[in-house]
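Sharing a structure here in structure tokens format.
Going in written order, the chains are labelled A, B, C and D, and every chain counts its residues from 1.
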Amino acid sequence: EVGQARFEELIAADSRVEPRDWMPDPYRKTLVRQVSQHAHSEIIGMQPEGNWITRAPSLKRKAILMAKVQDEAGHGLYLYSAAETLGTSRDEMLDQLYTGRAKYSSIFNYPARTWADVGAIGWLVDGAAITNQVPLCRASYGPYGRAMVRVCKEESFHQRQGWEILYSLSHGTDAQHRMAQEAVDRFYGPALQMFGPPDSDSPNSNQSMAWNIKRFSNDELRQRFVDMIVPQADALGLTLPDPHLTWNEERGHYDFGDLDWDEFFSVLKGNGPLSRQRLEHYRNARDDGAWVREAATAYARRGQQDQSALLGA
Amino acid sequence: EVGQARFEELIAADSRVEPRDWMPDPYRKTLVRQVSQHAHSEIIGMQPEGNWITRAPSLKRKAILMAKVQDEAGHGLYLYSAAETLGTSRDEMLDQLYTGRAKYSSIFNYPARTWADVGAIGWLVDGAAITNQVPLCRASYGPYGRAMVRVCKEESFHQRQGWEILYSLSHGTDAQHRMAQEAVDRFYGPALQMFGPPDSDSPNSNQSMAWNIKRFSNDELRQRFVDMIVPQADALGLTLPDPHLTWNEERGHYDFGDLDWDEFFSVLKGNGPLSRQRLEHYRNARDDGAWVREAATAYARRGQQDQSALLGA
Amino acid sequence: DEATARYALILGDDALILAQRLSAWISRAPELEEDVALANIALDLLGHARFLLSYAGTAWGKTEDDLAYFRDEEEFRSCRLVEQENGDFGQTIARQLIFSAYQLQLYRRLVHSTDPTLAAIADKALKEVRYHQDHAAQWTLRLGLGTEESAHRMQAGLDSLWSYVEELFIDVDPLTGLGDVAVLPSSLREETLSLLQEIIEQAGLTVPDISGAYGSDRSGRFSEQRGYILTEMQVLARQHPGATW
Amino acid sequence: DEATARYALILGDDALILAQRLSAWISRAPELEEDVALANIALDLLGHARFLLSYAGTAWGKTEDDLAYFRDEEEFRSCRLVEQENGDFGQTIARQLIFSAYQLQLYRRLVHSTDPTLAAIADKALKEVRYHQDHAAQWTLRLGLGTEESAHRMQAGLDSLWSYVEELFIDVDPLTGLGDVAVLPSSLREETLSLLQEIIEQAGLTVPDISGAYGSDRSGRFSEQRGYILTEMQVLARQHPGATW
């Protein structure tokens, strides 16, 4: 009762809830689900771009890309840590990913087929992610909000790099320009869908808003993103593949066309172009590494025994 | 006693010894060693050329190369069968290869680094093999001699194809010509060493000659090979990398320079450029396939049980 | 004509990419007999691909090698099933099982094509594909009924590839307008799936309940593997443009 | 001058190829911390390679990318050790152990090079290589003293690579004439091998008794892997000659 009151006070004051604080079970569950999904997305998200590290077309781009994918592993690490403060272990969360019980952002079930896709992922996918995440820096759960601050700082850097890749391509040879345009054509729709289904179709949002986890609705964030990328696309010299995209003077926003929600729900259900491949890649890595993790554990135990022996002596 | 006499009679008459015939133990052992080494060479010999199947520069060449490497597997199969008639199982021989107790031709421990190497292997390595093998078609042990007849027919085809690869390269672009010449430069010496050490240094040969297994000495065969390839190299428009190569009117043969026997013995001892890699490739394939072989065995046993059940009914 | 050529390209690309994948098994098979068998199948498929690409090329004045080595990734028309990695032997057999069942039904019908060249190619290919299908079915039985591990791996192979099955039966662009020149993929669906079901169940395995993966226009837009396959296949030919071999 | 450039190329190619190999681990490591660690090491090596190739390029008016993407196989100067496949984690750690021990001794001495650029590069690289060496040594201990399987795999990794150790210490062509600009590889042999021996024995493993593989002039004549590495690394850049990225 005291805990409940204190929790409600914190939320009402828009303060942070910390791991030691009492919190309602559904709040905890919602957070574990959201934070671990976010962590999983970082891990699976290493694959599409990782796919291009060995083939990056210049050493500078190779270094930048390698650092970016490494950052994603790092984000995964501190998001899992944040989720662990809620009482679920990293192994348990990884196991949910391994067995396909956990979700991650559907966008990573699309292939990075060309080098330009690396640019489009940086610009559009990381761009959408930031739009989503900046408000999360103020999420009511302290460890999550603080992790997001770190994540957002790096993501905006990544978005900039993606934009630069596309800029070089767009202003390069005809073949490069074409590659860039095709990548944008392919990623535009799925990137807009990263904010989730339309508000009319998104049942869990209200509770998350009430808890100060979510701050804006899916459609609000989507609009914000569209408003951001339209001038950026202009600056790139690339076209966004939506004939309905026009400035609406009255609303002070860009109008845009309907998205293919059938595709979205089909991919969400696990029928993305590479859904199985992404999970199998992860599973193979985890299986192949099992003996290494066992060895590390055995070695650590040995070290403890050696220490105990020393202390006992 | 009767067997011994009969065996000596057969040898004296230059007839065939067959599996049912009595034969002295050292004869049997020599043959098992020689035939299984030959079979192993076919198996390991699939690797250097196999390395180029996926990268062959035209579909026609790809098909020819694939067929050739397949032939090598086939040669392995019937050579192991010939050796099995001497009472050693294929599994036992493969196990000797797996554990590094068996030898195979050192030439396959050299890399096939360029496409031209595929040509040089065909022309020089298969050429040397044929020179070695044609007399073996008359080997006193029947199954071996008959296997060699089949092998030789296909090998001469392979040599021709290798020569054609080099011919196209030699008469192609400058880069292609250079590639061909470099391949010949690299394979000439090792190919001449395929006949084994100089006669003065080859202790086992005499007994094999007396048994009608071997018909010519290492140096005789080497000379025969050199005499064959000199005009072929001319026709290719390529140079053999030996400044001492000259026609000796008196001998009616080509003279040629000394070979690097230090290299030969070093490679023979297992220090070839790819000695470890070849064996590991084979071991990995065998390990990876263990579960398949077990399944096939279990399934076959099951089939037998089903049959017994039927017969019992 | 161009539409027929584009149809031949679809068939040829499938055969070429699968031949390329299978050829990587040579010297790595579980036993020597399988080195020979997989090489045989790869050679057959490569042979079909050469006929089909040569025929397609006549529409554009191109050779089989022009089409195989100098088309870019997005110009290929292979399905994703044949582009999938070899994986272990179970996965390769699963791919063979699915693809050869489809191809068997396809060529059985294509022998009646009103295009005499396609009919002749199908006729030649048919008895070879029959062998491929038999080879895959036999191994499916051996693995499915062999050991616990082999059954597990064979099932995993099927599960891993099943989301690429539906793509085989999509009536993509040039096909619908070709009439009796071509065989509509959708018309092969039922009999192919029932052949597969029969073998899979006979092997004590389960037909996966997995829907088709999104994206099925054979454009390569949805594949990450095609690029790697072509990079390796084309590297040498492209290093020496205009050369003959 | 040209000799110094050719020396820088040797050092740069080793770093570049190893970075390329290691980068393939990213998203495939045994645990997330290792994805980060291996990416870190790969990034360090790539950084060294970029300095070294840029410096080498000044002798010929070429950029780091000219040298990385537009040299052919036989123009690279990497040693075979770094070209070997990643294998399992044990083999990768074995390669890291050997190569970082060699590189540590190398850069420790190269900081005193009379060539100020090389000395500065070595100075920057040295503390990173110290970390690489420590990372490899720690894992060697963990694997060697972890489980029976891990000890077996770590030993197999060492055995598999040991025949490429001697090549590191051969005083190939440009080196012998460079005086105090370069560090003679042969002069690093003893201390590198004794450092390796110490760690390997501390990990309960055995220093392999395996001689050097024939061929050690860094020409690539004796490698089958270099071609595959470069094919993948260079494919995109070569598809768009003259493009900027």
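Simple rule for what comes next: contacts are C-beta pairs under 8 Å (C-beta built on N, C-alpha and C of every residue); 3 or more make two chains touch, one makes a residue touch a chain.
Keep in mind it's a predicted model, so treat the numbers as computed, not measured.
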### Remotest chain, chain B as reference, centres from CA atoms
A
### Query
In terms of C-beta pairs in contact, which of B-D and A-D ranks higher?
A-D
### Distance from chain C to chain A - Cα centre to Cα centre, in angstrom
36
### Summary
Between chain C and chain D, the Cα-mean centres are separated in Å by 40
### Task
Please list all residues of chain C that touch 2 or more other chains.
232, 235
### Query
In chain B, what residues contact two or more other chains?
none
### Query
Hey, how would you classify the chain contact layout here, line, ring, star, complete or other?
other
### All chain pairs that touch each other
A-C, A-D, B-C, B-D, C-D
### Query
Taking the complex as given, what residues does chain B use to touch chain C?
43, 46-47, 50, 53-63, 66-67, 69-70, 73-74, 76-77, 80, 115, 165, 168-169, 172-173, 175-176, 281, 284-285, 288-299, 302
### Query
If you look only at chain D, which of its residues touch chain A in the complex?
16, 20, 23-24, 26-36, 39-40, 42-43, 46-47, 49-50, 53, 64-65, 68-69, 88-89, 141-143, 145-147, 149-150, 153, 232-233, 235-237, 240, 242-245
### Message
Under the definition above, what is the set of chain D residues touching chain B in their complex?
### Response
73, 160, 163, 210-215, 220-224, 226-227
### Query
For the complex, which residues does chain D have touching chain C?
228, 231-232, 235, 238
## Note on the structure
Residue positions on chain A within touch of chain C in the complex are 48, 51, 110-114, 186, 263, 266-267, 269, 271-277, 280
